[in-house]
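After this come two complexes, each holding chain A, first together with chain B and then together with chain C.
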Partner chain A sequence: MKAGRHPPMRIDTIIDERIEAMKVTVLQETLAHGLSIVSRAVSPRSTLPVLSNVLVATDEGRLRLSATNLELGITCWIGAKIEEEGSTTVPARTFVDLVGTLPAEQVSLNLNTTTQSLNVRAGASNTDIKCIDSQEFPPMPVPEMDSAFQINVADFKEIIQQVAFAASTDEARPVLMGVLMNVEGDKLTMAAADGFRLSVRHATLSTSAPQALSAIIPARALNELARITAEGGEMISMVLPKGRGQVVFRVKDAELVSQLIDGVFPDYQQIIPRAYKSRTILSTQSLLKACKQAEIFAREGSNVARFNIKSSGDLEPGSVEISAQSEETGSNETIVSATIDGVGLLIAFNVRFLREVLEVVRSPNVALETSAANSPGVIRPVGSDDFLHVIMPMHLG
Partner chain B sequence: MPAKILHLDLDAFFCAVEELSSPGLREKPFAVGGRPDQRGVVASCSYAARRLGIHSAMPMSRALRLCPELVIVPGHHRAYGEASKQVMERLEAVTGLVEIISIDEAFLDVSDLPESGEIIARRLQTQVMNELKLPCSLGVASNKLVAKIANDVGKKAAKGNAPPCAITIVPPGQEAAFLAPLPTEILWGVGPKTAARLAELGIHTIGELARWPEADLAKRFGESGADLSRHAHGLDDRPVSSGHEMKSVSQETTFVRDVRDDQMLEKKVRELSAQVGRRLRKTGLAGTTVRIKLRWPDFNSLTRQVRLVSPTNSDEEIAKAALALLGKARAPGKSVRLIGVGVSGLGEPVRQLLLWDNGSEKARKLEATLDKLQERFGDKVIRRGRIPEPADEAGDGPKNVCGRRITSNLEGYPSATYQGRTIYFCTEFCLEAFRRDPDRFYLAHSRKRS
Partner chain C sequence: MSIHILSPEIASQIAAGEVVERPASVIKELLENALDAGAHSISISVLEAGRRLMEVVDDGCGIPVDQLELALARHATSKLNQVSDLYSISTLGFRGEALASIGSVSRLTIISRTSDSDVGARLQVEAGISGSVDVVSAPPGTLVRVQDLFYNVPARLKFLKTDTTERRAVDTLVTRYALAYPHVRFKLSEGKAPSLQTSGDGDQRAILAALYGVEVSRQMLEVLAEEEGLKLKGFISPTSITRSNRREITFFINGRWVQDTSLTTALNNAYHTLLMVARYPMAALFLEIDPAEVDVNVHPAKAEVRFRNQDRIFSFVQRAARRALLAYAPIPPISTQGLWGSSAPQGGVPEQFDPAWNFSQELSEQNESPFSPYSHLSSAGTGSSLVPVSLPGAEVPLLRLVGQIGSTYLVAEGPDGLYLIDQHAAHERVLFEKLMSQHENKNIPSQTLLSPISVQLPPAQASLIQDQLPILAHFGFHVEPFGPGIFQVRAMPVLFAHADPVAALRALVEDFEEDERPLQSEIEARLAGRVCKRLAVKAGQVLSPEEQRSLLNDLEACNSPRTCPHGRPTMIHLPVDVLERQFGRKGAR
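Take a look at the complex of A and B:
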């Protein structure tokens, strides 16, 4: 099987009729950028040696770079001057390290198909890299982008960043390592939870999706997607090819394929508290700074920081005292002024969890809704109801 | 004003104590340890034996091959413990800041004393020799790392069959220069693996290590890379801590016969986890890091650890983490000689609550109830169903190795598994003695009962 987007017939013809000897010229900067995009999908310690390699192939006037670890595959297309068509797979680490040190000028890649040796020339540098035949590279699916669904929201990257961090890294619970993505009409909802916290983000699509869809996408794949998506409103197309258990995302010059996670996502609606006993409004930045300071000490031990929410009567502003201590390094306390609607409370949180959510809250003020020391706290941006985050507190002794 | 730190190490301590009762051994090659036909190892050996290439932890059978006339002396561990106590008492009379590292080694912080480190070292050496007839060597430097290495180097430089009685001084400011020509392995934290990785970079001496960019070491070795660099420059700011603060809770067991049965190991891990969990709960602590220790039949050991999201003192959680580590570190069916479970990163028992309860709260309540019952009525009143009862009291009870009896609860004592029973010992020394000749003690005990 030949990887690539060519119709198979054409490739067979090429192989049969002449010795394929890929010859291309590409700008060092372009090549380095392309490799940085795909190399994240390389699996360095695979039992299949070809998975440590990057597929380099000419493809309709451009150069195609692909890498896959069989769960996640990333392809990108870069501009190149193609003199002769061809393809091979290049050891990723060697190639990335080499290209990173080449001068910022034209790099010529010249493949000797008999020896599978790729000659890389730039300036005074002349390198031969031992490659593996591209026929050994696993075929990457060619999605029918006709049925693609356009995620036409300006801030998909931001949506991923607000949700994916809450997914679990515990391989014992694969479903929680994913992000639930639901689309119904023009409503997009994404949710992730690791058992301790839950992040939910809603968005409205500018055009309705043709049909409802629901899938659990590995958080890792979405994080990579966010990484290769430029800031701003880049259009992202998405396809769930039927019966393959995969999702394909296409951005301008890149494509990401990921296996979906099989399973039932927990009913997260049940977890979201319906009411609260106090609502504390704080400056997002002040609270974030206080959490970062507390974390310096909390991280030595159990990551616990205490939040003493002090309500002081109707007319006076309240405050939240955030404190953490470590046996070894010392202790820290910050008082952040706050508007408190409700009763005071001493509650403890894993301060890393709180810091991580505050880092993705975009509004200047944030609300912390609490009920009791052992009940979930809810973080919401003030002035927008498209995002919410639930954090379970820590039980003190 | 630089600190004045002393490192004191008793010279061939067990042997020195033996020579006190058997002067005929003096300057002869002899070793304290177990019988070669019982997997005995060299616990300590005289300097005459060391000259022949024998060293501690070497299997006794190999030591005998190196020196067929080697005299093997069975250990008298109570005598060693008593002698060690005498030495440490004398150290503590000099300063309150004494950190006892082991039975024959200690750090002293004498920064606040007016005399020089060297004078204090000489006085201590003379005092321990005159009053206890025990030779010792000292290293003097501005920090623990350099003091310890200085002492090791000084002792190694001594020749002949007499104890080295060395005193090695590294003046303040000379730390890096002193360390520079030494091999990297001598540094704390540089084991054979790290040394090999350093050698790949062309780093063989501490001086070469010190010249390597710290940032690059940090990149290659993670957090310990920065430590490596600091240590290579002779920098070490760890205090001499006399505190007896608990840093970790662990429990391990040596199998008298190597175990390869997966289920038996799992059972043992659950037992050890339950012991560790209970000890943590009793002291009101919880820890964030769970680790396991394994020793293979060839004596190679490894430890593996994992950091949890939130501190734990739950038997179940410790066991779950330990079993996951075991699964990664050991292929099914591989024989194990020793297994241990430990929890570190200790602090207050805060617990991360869960969005949806997976039964852990219930398990926690069950543990609390079990703890209370066991506290009131003793260990055997109730146990988790998964851990079968030990066969009978004979199997469970402490063995009469040294004559001492353990009467309080058995937690925290070293244990061994023999003929399917867990047997507890008052000290590691007794465990070793038992391991060398299990049948002797085991049968003796059984006979007494019948």
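Take a look at the complex of A and C:
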């Protein structure tokens, strides 16, 4: 556990008293899909063997698959024909690799409780996997979904993509490894920052939340959530069980539980510049392409790319000249035409940061607002004001 | 040339050289006098790092009018009467040399009044020649003002370091004494604002905070041990806080600051296997010992001591420190300082703890156990007949390529025998030097922070940084002063972009203290890492004869071709005479 995190999850359910044996039949495709969803929460190298396992349990006519690394837990329910109830935990890597190679037909799973070995039979293949008793698996909390509120999946996925990448990966600053989520009425705001850049996205919920809430959710958990939810008009139910420091997201057949990050998210409002001296409007795709090119040369050094913003004169249109150079590989320069309202400027940015934000801007045109070579730049999609990204400049010394 | 007795002036100047070598040593002598006089409040002012003025004012017992002149004579002291006293010295001073020595190399003014006298007396000394004693009004206590130090000894003056260095020495000295005497109020001012002020209320932690900063002082571990005739008190750093030098290890014996390598070694031994190589703890330890057991009269500066029972002291210090260390769980804390400076409120121990979810914590604690079982293997014996060529900087002789073996090593012949060359290590060295030359003299790009971060530094480091702000900017740190001892970091070098800005700044300050080229080690480490991972040919890669030859040529052109950037040897040398012995041609055993 990291400092600054909430206390570990709490036991809510005790896996029911030992049931003699488990006997289920499931389609290979369904099982493989379910395992691919939960296996991301498995800790690959844990000193606690059971955390490298996936819990396989019968649950009200379906098969439940769960994995957790104690910070993040993912559960998924798949359809199965249950002949006898039971549960065990199966080593995740072995199980995933095996199921991936099985023929696309019925797979029967038979647990021998005395030896804790799971017999997996499909077609001509017959396998016995050594398992660990499900009693050792950390129980997953069962939330009450009464106070949950609904978010449209497609929207939420986009919001996550636009914000979560800006979160820090530095364990020394736990608060910044998370995404701030604020909900008030039907207004949702999410923000993430890593000390050099800040991403903020506003959205309107289809239904109002029962009460206002504010939480810092690990960026990793949100990325996993975006991964396991399918595209489309599905809804995500979200709930913050009281006093537990956890968040639970539930989609149709899956559930994701994450520890929240304890702490105070910095007041990002005061970082957003209130005014600018020049506003440069560019084609998102052209700028992205230029940044990708510049990055090839900038990445050898310190990712520095220079942006020479030349305001439009009487005769010539405005343009931005993006250049990067490396002692080893060479130099690159691209000119992107732009509409510039304000004065010209030479400013340097970390081109990777810029590329990452441009990749999530959906509008065809993007505005870059700048004031001086040493003050922050702001990226906004043209035509919508629900997203903004603040990026701090670099100095060449 | 005739032999003659030196004039008293010259003799006293020579003697002064032993006691007074820099402004800090003057301050030390005056401070010790003030402490011996039983002062409760000592105020020190320094101008131009002590070159122009040093003034120490105390509220101690003072010197009676009729003894003032005597106080400045050589070998005049009130602290010692007979020879036997020398073996049980309980005052800081005793030689009766300090004032005389200082007086002989400066313009010295002393004003003093005893509490039972109505008037004070003033005496001025210039280059060792006393003026007359004047009666003046003065508060009780003693004021010693030293002006124009070494004005009559130009050679000494020339040997003084820069103002920054000298001021740091004074800072360091005064803070150490403030720590050792928490019941005495200290005030140190250099120019206008006081750079150190202690309350004299006996709270050592508060002084520690002035010395190391609040965050560090909070984490320092308390040492308290007693054994017959020995008592050790003080603070040592937990294993998570380390320095790259031993400068922050301070020992006081009976209230006297001493530099003793055996005590430092004893402390380091207490940290054995707990710290990384070349990292040292911080400590301020106060040893109390029967004065008869220790001889401080080794050198006039009294910084060296001899113990009657050296081994016992050594093991006592080591055991006491080790015990204090082990009493606290040696788990490095994770820095939780938010980027915005406003540190997030820490939850402390969570209220709801469930054993099932708690074991991960215990496990991670075990994982972070700082014992490294391999640390002592690194010096394991090398082969007896194969000699790794490990003289860095030594040149490689002209080599004739023989070929590649095991797709890993190159075999070459030199004038003095056979050379085996590790192709990966050799290529690393070649690339490393190429990249380093590209990075020379280049400005380091910096990345502005979303919001500035405040860093609090102890006075010594703060004054160091204050003078280096323009140089810091050159290295990509944009730092602004933000109150006493506090700095705001607005931008940091890209090299450090993924580190904690506070730690990065501290690392840079340590480099400055070491007078190294700042950031050099960081840049080298980054380059070495990159070269190793991405660019250099790997072991197991077949090289064509042209490639092998070109690698050999490039290696010959390197500045230090015999080691790779990580310090492993690039080549092993098998001298001809070893071959001859092995084949029984010559001197066979």
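FYI, the second predicted complex is superposed on the first by the 372 of 397 C-alpha atoms of A that agree within 3 Å, B and C clash if a C-alpha of one lies under 4 Å from a C-alpha of the other, contacts with A are read in each partner's own complex, and residues count from 1 in each chain.
Heads up, the rule we're going with is that contacts are C-beta pairs under 8 Å (C-beta built on N, C-alpha and C of every residue); 3 or more make two chains touch, one makes a residue touch a chain.
Computed from a predicted model, the values in this text were never measured in an experiment.
When both complexes are overlaid on chain A, chain B and chain C end up clashing with each other.
More residues of chain A are touched by C (comparison of chain B with chain C). In the superposed model, A:Gly195 makes contact with both chain B and chain C.
In the superposition on chain A, A:Pro138 contacts chain C only, with no contact to chain B.
In the superposed pair of complexes, A:Pro174 makes contact with chain C only, with no contact to chain B.
In the overlay built on the shared chain, the residue A:Gly342 is in contact with neither chain B nor chain C. Of the two partner chains, chain C is the only one that A:Asp262 touches; chain B does not reach it. In the superposition on chain A, no contact is made by A:Pro273 with either chain B or chain C. With both structures placed on the common chain, the touch criterion links A:Asn303 to chain B and to chain C. When the two complexes are overlaid on their common chain A, residue A:Leu48 makes contact with chain C while staying clear of chain B.
The clashing stretch of chain C relative to chain B, chosen from 110-118, 236-244, 326-334 or 344-352, is 236-244 in the chain A superposition. Common to the chain B and chain C interfaces on chain A are residues 193, 195-198, 266, 271, 301-304, 327, 348, 350, 374, 376, 390, 392-397.
In the complex of the two chains, the chain A residues touching chain C come out as 1-4, 6-11, 46-48, 70, 138-139, 168-176, 193, 195-198, 243-245, 262-264, 266-267, 270-271, 301-304, 327-328, 348, 350, 374, 376, 390, 392-397. Per the touch definition, chain B reaches chain A in the complex via residues 284, 286, 288, 309-311, 345, 347-356, 358. For chain A in complex with chain B, the residues that touch the partner chain are 193, 195-198, 266, 271, 301-304, 327, 348, 350, 374, 376, 390, 392-397.
Residues of chain C that touch chain A in their complex: 333-340, 342, 344-347, 350-354, 356-361, 363-364, 366-367, 435, 438-439, 443-451, 473-476, 478, 491, 494-495, 497-501.
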